[in-house]
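The chains carry the letters A, B, C, D and E, assigned in the order they are written, with residues numbered from 1 in each.
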Amino acid sequence: MDHKRITFLLALIWTIVAVLPLFFGGTNFIMHILIMCLIWSVVASCWDLIMGFAGIFSFGQVAFFVMGAYASAIISAQFSIPPIFAVFVAGGITAAIGILVGLPCLKLKGAYIALVTFAVHMILEPVLKGDIGRAMGTGGSRGLLTIEPMHIFGYTFTTASPVPYFYLMLLVAVLCSVIILVVIKSHWGTAFLALKDSQEFATCLGVSAFKYKLRVFALTSFLTGMMGGFYAHYVGMLSTRMLGIDLFVTLMVILVIGGVGKFPGAIIGAFITIAVNELLSPLGPYRPITMGAMVVILVLVLPDGIVGLFERLFSKKQHGMTH
Amino acid sequence: MKKALGILLILVLALMPATGLWAKDTIKVGVPLAMTGPYTDTGDNYWKGIKMAIDEINTAGGLLGKQLEPIRFDTQEFAPERVMQGADYLCGQIGVDSVHAGWAGWGQDVRAYGKYTAPFFADDGSQSAVDVFKQNKEEYKNIFQLTDTGINQAQSMFNVLMALPYEYPNKKAVIITADDAWGTEVGDTLEKNFKEKGWDVAMHELVPYGTNQWGPLLTKIRRIKPAIIHVEIVSAQEVITFFRQFMKRPTNSILSYGYSLVPREVVETMGKEADGLLGEVPTAMPTPEAPTPEAQAWLEKFETIWGHLPQAGSWAAYSGVKAWATAVEAVGDEKNHDAVSDYIATNGYKGETGWWKWDEDHVMRAGGDVPIAHYQVQDGVMVAIFTDPPTKPYKDYQFQVPRWIKQ
Amino acid sequence: MVIEITDVIISGLINGSVYALMAVGLTLIYGVSKAFNFAYGSFYSLGGYIAFLLFGLSFINNYFLVFVLAVPILLVFGFFVEKTLVAPLRKRDDWEIKVMMITLGLALFLDNSFQVIFGSRMKSLPPFLEGGFEAGDFYLSHQDVGIFFLSIGGILLFRWFLNNTRTGMSVRAVAQNPAGAQIVGIPKEFVFAATFAISTVMVGMGGILLAQKYFITPMGGWDILVKAWVITAFGGMGSIRGGLYAAFIVGMLEAFVGWYFGMTWTLIVLFAVLLTTLAVRPQGLLGKWG
Amino acid sequence: MIELVDVNACYQDFHVLKNVSLAVKKGQIVVMLGPNGHGKSTVLKSICGLVEKVSGLIRFEGETITGLGSEKLVGMGITYIAENRELFPQMSVLENLKLGAYSRSARAFEKENLEKVFDLFPRLRDRQSQLAATMSGGEARMLAIARGLMSNARFLAIDEPSLGLQPNLRDEVAKIIKQINGQGITLLVVEQNIPQITELADTLYVLEEGSISFEGSKEDARGNDHLKEIFLGM
Amino acid sequence: MGGEQMLRVTNVTKKFGALTAVNNLSFEVRQGQVFGIAGPNGAGKSTVYNLITGLYDFKGTISFKDQDISGLPPHRIAKLGIARTFQIPQTFPSLTVEKSIEVGSYFGSRKGFDQNHVDQVLTFVNLSDMRGAPTGSLNLLQKKMLMIGAALATRPEILMLDEPMAGSNAKEIIQLMDLIRRINQDLGITIILIEHFMKVLTELTETLLILETGTEICCGDPQKVTSDPRVIECYLGDCDD
């Protein structure tokens, strides 16, 4: 998809999302879901950036998110840093961990990278719950029950009136999507694609696989960690339950629906997935069954997600749109 | 396969709007419980009690002449934002007049539902939930805990262990708990108590859920030969595998399972094999024989409806609904949430075993007519042998020295 | 102390043998078709549930009959899944990630279907061997010995199958050189589906073997998936011998770490060892097919 | 025996063969020449069912075989011997050979063919248990040809047998090709580094840009200046 | 002839398992030269390229303008001024023609990205009309041109071409030969050329290296080399034409 079309699509999505509070502003439940949609849309976009564009099978996205959330909560509590700064510090910490995780991954291939990054996810829970975590102030298995709410210029965002926080998150999500767009559009994105298509030729043209792969780890884990921070200060509570398989699968479904490597598909995917998940909620145990069935069917029927479907419809008229 | 899935999907989509239709003029009751994921079974226990209470009220003509209508919400794994979503959905979106939860998230729930006014009944059994409550008693006045905290429950377990008519061969204890909030709360309290009484806690192990290879730990236990082993993992798989592997070469130890004796599978799977195990249930309806005729009637009714004896939480959740209904009758307006909450807090509720009184932290403290019951599995059935506090033997039931202890 | 360490070693050996059976199945699919099966753990539970259902039938009263009936069911199921879900994706450039996604979806579907059909409560099977060896403080149950020998036997049987049967050789051929396999007339697509089916049988049999000891639960397979995955990568994806060594190393490591440091450390140590290994040898202990 | 009429073949979007027509008669050796990358291998692979998108008519002994997969064709007696050998590296020589006789029709003759092959390549007999990966280029080439023979093929398509061979072995390859042909096997060979093989040819084809640009005997070819220029380069 | 020494390969050996792909090879390339490498398929020609550009590690030393480049990662070597193409055209299907050229300009050029230079390169390789097209839609010749263009965009001092003529017809060969000449003479770029067509090599190159199973058979003036009996025997066979 060319950049003009992505920009247009982004503008369209965010405009629609921006007016949603006019309809749902009074219903906390829906506003809350919308805020979660915004958060997941950024996290999923980051995942898409690293997996879809850079072609690195990183499965550590949820782990980075949780790290960022804990880091921000702990920093703001222990060093009394205002949350609005703490989230960036948390992003920085997560980025540093992202680079550390990225280093061994440079040498590895597809499924191994998936394993190493997923290993980070698996280790995180015992670490956060165990002695190390408790020493850092994670509250062990009880989790953190009091996290300072976000406040800017004396205004405190509370969950009781979510509309202001919705707009704050919208601003953050717009900024993140612009960052991702700029990255895709800039030489970074070109480097990712070139490395993904033909690493040999790309490196022989001077593209440093090392540098750009580490950068994508750093960037995506920074943004993801930062979103974790925003999440923590919004919800006000944290536990290692986030590391359950549910969230991981939800993010995967977002990508399946949105389309891998089809930015801004992940954003659309996030809104659809979270909405469908809520709609299916009354079905109780049939909800995950339906979600699972949907993934299976969608991968077969709509392998490039919704954006891929649009593209296919477009490219029939307009030749030459490769994936 | 594809076709079948497609049909399923269509069915689901077709069913969706149907769930959104509610009959008019009912009182809506929120029921946020785990319907999927690892806590499904505990969610089920609570639901059975809640459903029984609601059906009872409805068949008796409803509350203030209106039928009760439960609105369920799947809390999944109690991720913080999920708990919040539940509160926003049930209280914010639907506008229910009371919420009956079970295990709902160790304090996250207090926050989430405290924002609203509808009376909220939870079975957290957690000191951290009480701590959150104490931060703002006015704001959280609609929150009611149906059971005592883990600290007090653990204290009670210790009291009973010390009161058993049995002479311990040594003063060595082993504590194994799950690495969750409940497990650590119980484990830490027990360790403190043991140490105060001059016992040696030779091993205090946290284990992750899903542990079912106990070889390495049992190896250590066999060396220690403790007088008491306390296991606190509220998941049948773990405690059964532990027991079976322990029984291959048992030590002369009393096996205390605390709250982890109560998942229905434990006794149902093992039957008489489980004889000798100790455990406890807070806010309990002692079995097999209830303390009062009303309670006995309730027990029998539960068994007729669901086909088995009540599990931990069923009766507590049932009583929560009844307590709220009593208060609503007294206040005369289900929408006056504050008045209903105040009524419950000051007047309590008279249940099958006697009076329920919430303390100033809105916790149903163990004792009086609603004590913690301590059980031993005897002949394949959970038999209440003690109640606490105060620690006293229950009816004529006797503690039996487990068969694996060689004296 | 000696008895304690013997106990730990035996516990490591028995777990290692079962891990080996599971890991060999996973490494097999990866080695042959480069597909990563996220639903592998769910197939483990599936095996258990099939056995549970079979034991519910009146004419079935022993494990032998269960195995005889369960194997073809698992075989057909695995074959069917490969043909309908995995094979259609193989033509795509990004099929690797698509296969991961579709099998993840399948896992979600299966696990929750188990939950709806069988309930979230665990299911148990009758023990297949009673009693045990006893010598002083030392005890070894017959069941564990049985599990050990059946697992090892299963792997040896599989090894024999790979080395000595025509189908087995064609599986190895596709793994080593798919183009070459096609040239000599081996139906590649069939071999892909067949290996998928065989690996389903292996993990399903694991599920049946362990059901009595560890029970069957709807979500019980995830643990198995993660372990098998770690072992596979540790030993070298696609290397059966590597997987075998890795399985026993992991089994021992778990036993010793759990005994010495505590159970919560096993996962951390496991992954630490894995990461260190991969940092030094990105292809795992034993690189390709061995 | 083999006949191609207006065959087209594509790899992904890349149209490799354009209306190729050729014929190989029973018992013949036909040699195909042409610049690298112009589709010679694709012709062989198309015949042997190794190219996904093939259209046109391919006939084997009068029977249409267009679109059939290699697993069928190998059974019918059509076998491809790849330029880059495509052996199974972690298997022994014997295992490689046995797999050569994978098809149902070849299984019955496995023992017999094994003897024949060992007679043809005595060196392989001595190295039955050696892993293919550890063999030298020449031995591996022999093994590839031997594996092809194990399929009991009546038609062999041999792709650049000289690839990676030491010069002194080329004579041997030519000799073997002659011997194989002598056993009654029809051959279509792509080879331009071994003049001896060109010498053996009953018919020569030249493939340029995916189309046949020359068909005729070797004598005709010698007289053709264009051919000299494009592929002999002198 | 007689320019400064650009690239020196000294005693380089590369083994893949039991196979020795390159065996104790030494040669040097001087500035402004067109240096040819020939030899039968599988003689190790492409491997030599992979060693020079840092894709594989090896024994021995390779130096570029007196700087030892052995062991440097490929992107560093590219940045020093060594560019290459591949025998099987490698392109970036996710990128357009212009973007692909930009990759070279942005990442490989010491002078940094320069739009004018990209435009010049596009014109030079005859792809200005296709700049917006996705690389997947190109034909074989265009893909080769694009590969050469991307390599040129790095402003290399040495351009290494791997069988550029493979799969081309007579007309295209002439076109490509002309392009190579222009790169060498107009842009002053030293060229190393792997090729099968003897005619191309004899016409274009000043020095010709013949490889056989990774070993040097002969090296020197192409006319002399092609008349060397050892070469005729190994490479051309005793062709009676």
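Following the convention adopted for this analysis, contacts are C-beta pairs under 8 Å (C-beta built on N, C-alpha and C of every residue); 3 or more make two chains touch, one makes a residue touch a chain.
Since we're looking at a predicted model, the values are computed, not measured.
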item: Chains touching both subunit C and subunit E; value: A, D
item: Steps needed, at minimum, to go from subunit A to subunit B via contacts; value: 1
item: Per Cα centroids, the chain farthest from subunit C; value: E
item: Interface with more contacting C-beta pairs, comparing D-E to A-E; value: A-E
item: Separation of subunit B from subunit E, taking each centre as the mean of its C-alpha atoms, in whole Å; value: 75
item: Cα-centroid distance, subunit A relative to subunit C, in whole angstrom; value: 32
item: Inter-centroid spacing, subunit C versus subunit B (mean Cα positions, whole Å); value: 36
item: Separation of subunit C from subunit D, taking each centre as the mean of its C-alpha atoms, in whole Å; value: 42
item: In subunit C, residues with contacts to at least two other chains; value: 109, 112, 115, 219, 264, 267
item: Set of subunit E residues in contact with two or more other chains; value: 136-137
item: Residue numbers of subunit A (touch at least two other chains); value: 126, 129-130, 285-286, 288-289, 293-294, 296, 300, 323
item: All chain pairs that touch each other; value: A-B, A-C, A-E, B-C, C-D, D-E
item: Interfacial residue positions of subunit B with respect to subunit C in the complex; value: 1-2, 5, 36-38, 40-41, 44, 179, 205-208, 210-213, 215-220, 222-223, 236-237, 240-241, 244, 248-249, 264-265, 269
item: Subunit D partner contacts - residues on subunit E that touch it in the complex; value: 17-19, 40-42, 136-137, 140, 163, 165-170, 196-200, 212-213, 233-234, 237-241
item: Complex contacts: residues of subunit D adjacent to subunit E; value: 13-14, 35-38, 83, 133-137, 160, 162-167, 170, 193-196, 208-209, 222, 228-230, 232-234
item: Residues of subunit C defined as touching subunit B within the complex; value: 4, 7-8, 10-11, 15, 80, 84, 109, 112, 115, 119-122, 124, 132, 134, 137, 139, 141, 213-215, 217, 219-220, 223, 254-256, 258-260, 262-264, 267
item: Interface residues, subunit D side, partner subunit C - complex; value: 48, 50, 69-71, 73-75, 79-82, 85-91, 95, 98-100, 102-103, 107, 147, 151
